[in-house]
Each structure stands twice: as structure tokens, then as C-alpha cells.
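Would you mind keeping the following structure in view while I ask a few things?
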Amino acid sequence: MRKCLALLLAAPLLLAGGLAAFAAGETITVLLGIDAAGKHMGERAQEFEAKTGIKVNLVEVEWDAMVNKQAVALKAKEPTYDIVDCGSFMLPEYVPGGLYADISDMYTPAERAKFMDGMLDVVTIGGKLYAAPLMASWTIMFYNSEMFNKAGLDPDQPPKTWDQMLAYGKKLQGPTTYAIADSLGPGEYVTTAFFRWAKSAGAKISEFRGNKVYWLLDSPECVKALRFLQQMLKDGTMDPGSPTYYQQQIADLFGKGQSAMLVNWDMMQLAFKNPEQTPYAGKIYPAVMPGAKAGLSGSIEGHEYLAVPSPSQHKAAAKQFIKFLQSPEVQKKRALDDGQTPVLKALFKDPDVRKVINLDVVFQSAANCYYRPAVPEYTQCSDVISTEVQNALVNNKDVQKALKDAADKCNKLSGW
Amino acid sequence: MGLVRTLSYRQSFSGRLERNEGLFALLLVLPAMLIVLALYIYPLIYSLAISFLRSDIRYPEEFRGLKNYIEIFQEPDLLVSFWRTIYFTAASLAIEMIGGVAIAVAFNNKFLGRPAARSLILIPWAIPPVVNGIIWNWLVHAKIGVLNYILYSLRLIPRYKPWLADPGWAMNFIVLADAWKWTPLVVLLVLAGLQAIPEELYEAATIDGAGGLAVFFRVTLPVISWPILVTLILRTVEAIRVFDIIYVMTRGGPANATKLTTFYVWEIAFKHHMMGKGAALAWLITVLIVVLAVFYYRLLNRRVEL
Amino acid sequence: MAAVTKPGTRVFLYLFVALVLITMLFPFYWIVNMGLQTSNQLYDIPPHFWPPKATLENFRSVLLEERGLMRFYEAVFNTLIVASITMAVCVALGSITGYALARLNFKYGLYFLFVLIGTQMVPPLVDLIPLYIIFSRILKLVDTKAALIIGYTGWLLPISVWILYGYFQTIPKDLESAARIDGCTRLQALFRVVMPLSAPGIAATAIFGFISSANEFLFAMIFTSTRKSITIPVALSDMIGKYQIRYGDMTAGAVIAAALPVILALIFQKYLVQSLTAGGIKG
């Protein structure tokens, strides 16, 4: 009798539990780098869940860790992630192995036209689309106008050439503050920094010959750029701790006034207006990175894309979430809340967006940007470049030799 | 043995166990043996097999013979990383041994608060290596590190120095971080050995007129030579495997100055997705350790005879 | 024990001990100090040697707030489960295996001991890659606590056996024989007589196993991805480099991560010392 009672009680509970699990709907797991996520992705996820009943499990980590997690999961063909963050240069690693799903069916041609020019092309391989744009992003320079004022410099005239920057630097240096800080930490950080500076010296850096990439790392302009970096570190214009900094660290330090100028991602514009982030809120202005000569500048694109891994078991739900994030409302919110440049052309004319993001500076930087080559050996090349550049900066290796070694090794990796 | 046993019991399984020591032992050992086989031996062999393949996420698998190994030897920085590993191991061991023995000798004396001190010393050992790296990262931070502050206030350095941006200092600091963590272990092991020395030995020595240092070298040192050697072996194997501290403090930088061989394995296998080459490198490390172990073993035997 | 009696030398001794204690404890004190400050205070130059207004805010926020990856307490939970189960399995299997090797006439025993010692030479690194392939492709166990438990058990079992083997050898055989004569079966003798006497050894193995599992990083980093299985060390390392994380959070997390094994080590240090030295002295 007691057993029957127990069963009777248990059954409805089980049923309820089962129903609840069923009604709770799907859950998708989304892996994002913190730049792509911004501070409010959690709220967006909750809005999405309210709308569709699909739960979003967010995993946000810094870029390198995100790339590693993704690599580990994809290599094992695990269905852990339903959406992953990626850059266009990562596609050649995963698409040939069939690890990113083909999402060409997500957009009609009319929808495709709404996106910023070129954004879809770089993630289209063999006529098929493998990633969806989430956010446009380029690096720009920031400067602290209050520190400029104190040093007797005109806060509306940021330096436009390297010589100007050096001259400003002399006035801005203090016993514990520096004119400029850059993220020269090991790995992709110093590599992209090098690309930026090389571009602002007018270098070509690399070119495609056939379908292989040929690296021109030891061109005179590249040498000039690296020499300049070396010199800035030596004479104290640039914070000598830079080779240990990652992008996120120096943003914090810059915000606290440890340096007067900073190169970082454009979305930081909004963060630097926030008093919680920095005591200089509102006094930090964006500018185009100075070039070796007037008219030159350098930037790196860091467009964030979302890809759907092939092993995912919730592809439809994932695509829904992606479309949600790309909708004009959400894109506008991300622009206004986190300063993230939208990917929809229509929003570029939106006055609210323009108030928060200085799109002029952003697009000027975009015009001078270097596109990292989309080849499978990119990660290895990046590590090679990272090592050699740091050799020059920290070990005083001869710049010409360092870059020649880097070029030789990279070209060998690229199949020359 | 079996006065109380009945016939049926003897014929039962547990009865058989009672008599057959070997069978009983086998049963007890079996689970552990299976686990060790499955999780140590089998992967080891598998790893060797992979090292001859190109096991890469981007390309189809193919047999490469010894190419992975050859490529490793052709990569100059990889070979340099072996030297770095040796330097790291030697430097770390030196600090741990000398410091450990000195501290153990000191702790061998009664002083006020000794039990508490002995307990507190364990703290560095218990801290996770990741936290260890984080702590030291902050101690030597370029801007807000306390080391810079102290040195600058004492006028020992002209301005704040980014310690981890300097290849030499970066290496020395990971050595320090590691030594800091493991010295307590050495202290414990040596101290235990010291406390096993009977009082009479010391008395005999002093009666014979030996001074402090002589006592140390003639009486103390030989007895603790065993724990010292054991520690040497343990620490060497551990030091070659160090990863956590590097990942957290320097990621192998600056300019590869702190990229030890184990870090390379991780980078090659999990960052560059070349698992075959990573497995090959890991095997080379194993060979190195085995060689060292044999060397130590010989050394041990000779000391024991002494 | 050699007695240092001369007063001059005693002063030197106390100074030395003080120096040692400062060196050993300063970093730990520093991180606790940092954990109790607010993120903004952490950026002050000169750094504060004592939190200006000690606050537990960092601990609260890191443990409870959603951090885009998980709440830290989930990592604590995962770590506790993984470490406890690993510890239990290692103690259980370690004791029966150690007993068999120490007590019973078993011709393969010596070979097995040899193999056990051999495994200590092999850096877990070598096993990592194939284990990863096995766990992910064949067993589909990645991102689970089970994977960590299995992996850690395999890693720590040899040394658990070794410690307990050394321990069992020190227990006089007569006690066992007495029990057997009184009518116990082998198994009963094992559980009723030998085990209780080896309590220190077992405690030592348990603590060692727990602390090693809780602190392990490389294996955990590779085999975990989400809040389902992330352990404390991985959660901490994921925090590095986040620009929006307040550094106060990270130091609070570090303190929590360190406090757990430290407290255990301090409570059970008697057993730890005994176990580690048992292997060391005996040789």
C-alpha cells in the first residue's frame, strides 16, 4: 500500500518535471570574446529568451582563451557550442575541415545588401557563407585631453605624424606617466600592433600571389616602423611595460591616467565616457592613429563574426539568436550601450549612434586598415612575427634581421 | 590456520581466498592495475603512435614517419627551450635545496612558536600554482607592484621597472615563484630526516671536539643525503613539467624567454593544432626525464653505499 | 636535536626564522590585502599595505554575480565535487592495492611496483594529447566533471598506492595475525585492524589527493569549457585579461582559490608531513 502511494506521489512529480524540461525549450551555448560581448550581452540574451523561450548560455572570455576553447571543441567535433565568435582570418582553419556550418540560407539577397559593404564577402568561401557579421571594429587612437591641457598642448589637435607624436611625448612624459602605451603582449597582441604601426608607415606587409600569401615583413617601411617602436620604448615615450600588456590591461591603465595616448578598439569610446571606468570620463577623445608622414595612418580590422559549428545540435535556434543580434534594434542598442559599431548601413546615418560613436574617425581608420590574410597557417605566422618583433623590442635584436627572419619563416610556412 | 573452518566454508569462494594469497592479492590489485593501464600505459603508446602522424585539424591524417621529430630538431627555438628548461630546473632546485636545508636545520632547534611556524610554512605549497602566478604577477607589476614601490622608495631603482618585460628578469621571477612554492616541501622532508638523527650522534661528535660546521658536514649532511636525493628527483620531474606559472605570468614571453619545452608542447598541440608534433615533443621530454632518473638512481646507489 | 644554546646564536636563529616566515607568507598576505580593497584602490600608487577600508565586496561580487562565464561559486562547487570524489577513489583503490603489495605474497607485486614508480617519470603531458582524443572522440566526455575525475584518478593513483604501501609496511604483522587467529577473514582483518591503524596514512593520501586535484590546471583547462565543469584554477585564469572585470574580483577569486587548500593543509598538516616523509625517509 505504501509503495503504491509513493509511486502515486512520484509519478506526477516526474511528469511535471518532464513537462517542465520540455516546456523550458532549448538552450544554446554561445562562446564570445569579451570585446564582442560587451557588458550587456547578458541582457540581450535575456531579452531573446523572453521573446522566444530559447535559453542562452553565455561563455565570455578574452580573445586568446576564446580561440583556444573553440579550437579544442572543434577539433574534437564536440557539440558544446552552438555559436562561436570568430574573425575572418580564422575561417581558413575551420572551413576546409567542414567545422563551420554553411549558413548561406540565412539571408536573402535583399538582407545581404543591408550589411556594410564587404563584410559578407570576406566570410564567403567557395560561394558559401560561413559566418555572420556581428560588429564592425577597427583600432583607433585615444588621447587624454586633460593631460594634454596640463602639458600645454592643444586638446583639439592630436598628433597626426610620428614627429608630432614624439614632440608631444616629450611634454607629456612624467616620472610615472608615459606619452603612449600600446598592447605589445606576446601572441596576437604584439603582432597586430606591429601591423598597425607598419601600415601607418605606409607598408604593404603582405600580398596574395596566386592563392598563397607572400609576406613582405622586411620592407623598408616595416623596418622603419619597428625601429620607431624600439626607439619609443628606449627613450620612454612609450611605456616600457608595453611588451607585457594585453589590450584590456592598458585600457584600464590609460583610464587611470598612466599614459596620455592609447591605441585600442573603437568600442572603447563609450567606455571612456563612463565615470566608473575612468576618472577622466568625457575628456578622452578619439583620433586617427598618426602616420610616419602626413596622410598615412594605420589600423587593424577586428570585425566580429558569429559562426555556427557543424557539430551543433541547435542550429536553427542559433541562427535565430544571430538574427536577433543583427536586428536594427539590437545593433542600435549595442552601439548606444557599448559603443560597438553596427554592421547595418542604415544605422550609420542614425544621429543617436553618431553622437556616441565618432564614425568619422572610425571610417577614416577603416580606410587605412590592414586585413589579416585568411590562410590556415595564420596562427603560426602570427606567433613567428610575435616572437621576432618582441626580440627586436626586448632583446635589442637588429630590426632588419628580426624582420627578415620573420619573413623567411612565415614564407616557408605559407609554402614558398 | 583453519581450526574454525568448516568444510563448506573452505570450499566457498572466500574460503578459497583465504588459502590462496596470490588470488586475493590479484583481486585487490586488479582495479588499480586496470586504471593505470588504461590511463597511463595505453595513452603512452597511443601518444607514440600519434607522434608519427600528422594529426592536424586542418588536414587529413597521414603517416609522416620521423618527420615530426626531424622538424623539432630543425626548429632552433625549440632546442633553445630545452636549455631554458634546464636553467629553470637548475636554478629553481638550487634555491629550494639550499634554502630548504638551511631552513630545516634552523627549524631543527627548539624555539618559541616552532609548531606554529612549521604549520605556516606549508602555505606556499598548498596554494594552487595558478594563484601563485597571479600573486607574483601583481607583486612585480610594472605599475602597481609592491616590489617596484619598495625598491623605488629605497632609491635602489631610478624609476619603476617593468620586470616581466625583461627576458632575464621574467625567467628569474618564474624561477622565484616556483622555488617559493616548493621550498616548504624540501624543508619538511629534510626536517623529518634531521629529526631521525639520534641525539647521541651529536653528543659523540661534540665530545670528540667537533665544532658546529664540522658537525654539520660529518654528522648531519650524510644522514639527510637520502631525503635530499629523493627531493631532487621529485622536484626535477616536476620542474620540467611546469606550465601553470608560465601561462599566467608571461605566456612564454617576452620574446620566448620563458617558453619552456612543456609550454611549447601545449602551444604546438593545442594552439597550432599539430597534435602529432606535440606528441613527438612530449615523448622527447619523457626520454629526457628517464635519462635523468637513471642518472639519479645511479647516484643514489653510490651515496647509500657511502 | 642539536640544541643551539649560545645566546648570540639564538638571536641569529630567531632573526632567520622571522625572515623565513616573512618570505614565505608575504605573498599570501599581499593577495589577501588586495582582495579586501576596492578595484580603484588597487590602482593607487603607492600601493596600500593595509586595506584602507576593508571590504568584502569583492568576495560577494565574484562569487555571486554572473560574470559572463559563470558565477564563481559554480567553479567552487565543481572543484569540491571533483576533488572529493577523486580523493575517495584514490584512497579506496590505493589502500587495497597498497595493502596487497605490502602484505601479501604476490609474485607480480614487484613488477607492479616497478610500473608504478615508472609512471611517475612520465609527465602527464605525454598522456594529455591521446587522453584528449580518447575522451573527446570516443567517450564524448569533454566538458564534464566525470572526465576530470577519471583523469585525476589515473594521475594520482600511483602515488596514492605508493604512500599507502609505505604506510602499511610499518604496521606490525603480528596484529594482523592475531586478528586472523581470532577468526577474521583476510578482508575482515584488513578493514577492522589494518585500516584504523593506518588512519594517518589514509588521511595523508586523502588530503594530498584532494589538494592536487583542486589545484590542477592544465588538464582542467583542456577538458572543460563551460560552467558545467570549470574548476577554480581555470575560472581564475579565464579572468585574466578581461577589461571589464574589476581586479578586485580577480584577487578575491585568488584568495578563495588559495584559502581552500591552505585551510585543509593547515588542519591536516600533521598527516601530510607524516605521509610525505614516510616515503622520503624509508627509501
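For clarity, chains are labelled A, B and C in written order, and residue numbers in each chain start from 1.
We take it that a residue touches a chain if its C-beta (ideal position, glycine included) is under 8 Å from a C-beta of that chain, and two chains touch if they have at least 3 such contacts.
What you are looking at is a predicted structure, and each value in this text was computed from that prediction instead of being measured.
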item: Chain whose mean Cα position lies farthest from chain B; value: A
item: Which of B-C and A-C has more C-beta contact pairs; value: B-C
item: Mean-CA-position distance for chain B and chain A (Å); value: 38
item: Approximate Å spacing (C-alpha centroids) for the pair chain A, chain C; value: 38
item: Distance from chain C to chain B - Cα centre to Cα centre, in angstrom; value: 14
item: Overlap residues in chain C, where contacts from two or more other chains coincide; value: 43, 45, 133, 222, 237, 240
item: Junction residues of chain A, two or more chains touched; value: 72, 75, 176, 253
item: Residues of chain B whose C-beta touches two or more other chains; value: 143, 270
item: For the chain B and chain A complex, residues of the former touching the latter; value: 57-58, 77, 142-143, 159-162, 164-167, 250-257, 267, 270-273
item: Contact set on chain B toward chain C in their complex; value: 1, 4, 14, 17-18, 21-22, 24-26, 28-29, 31-33, 35-36, 38-44, 46-47, 50, 102-103, 106-111, 117-132, 134-136, 138-139, 143-146, 149, 153, 180, 183-185, 188-189, 192-197, 199, 202, 215, 220, 226-227, 230-231, 237, 240-241, 243-244, 247-248, 262, 265-266, 269-270, 275, 278-279, 282-283, 285-286, 289-290, 293, 304
item: Complex contact set, residues of chain C against chain A; value: 43, 45, 66-69, 132-133, 136-137, 140, 142-143, 222, 225-227, 237-238, 240-244, 247
item: Residues of chain A touching chain B in the complex; value: 68, 71-72, 74-75, 92-94, 96-97, 99, 175-176, 185-187, 239-244, 253, 258, 376, 379-380, 383, 387, 390-391, 393-395
item: Complex contacts: residues of chain C adjacent to chain B; value: 1-4, 10, 13-14, 16-17, 20-21, 23-25, 27-28, 30-31, 34, 42-47, 49, 93-94, 96-97, 99-101, 104-109, 112, 115-116, 119-131, 133-134, 150-151, 153-155, 157-158, 161, 180, 183, 185-187, 211, 214-215, 217-218, 222, 232-233, 236-237, 240, 250-251, 254, 257-258, 261-262, 264-266, 269, 272-273, 276-277, 279-281, 283
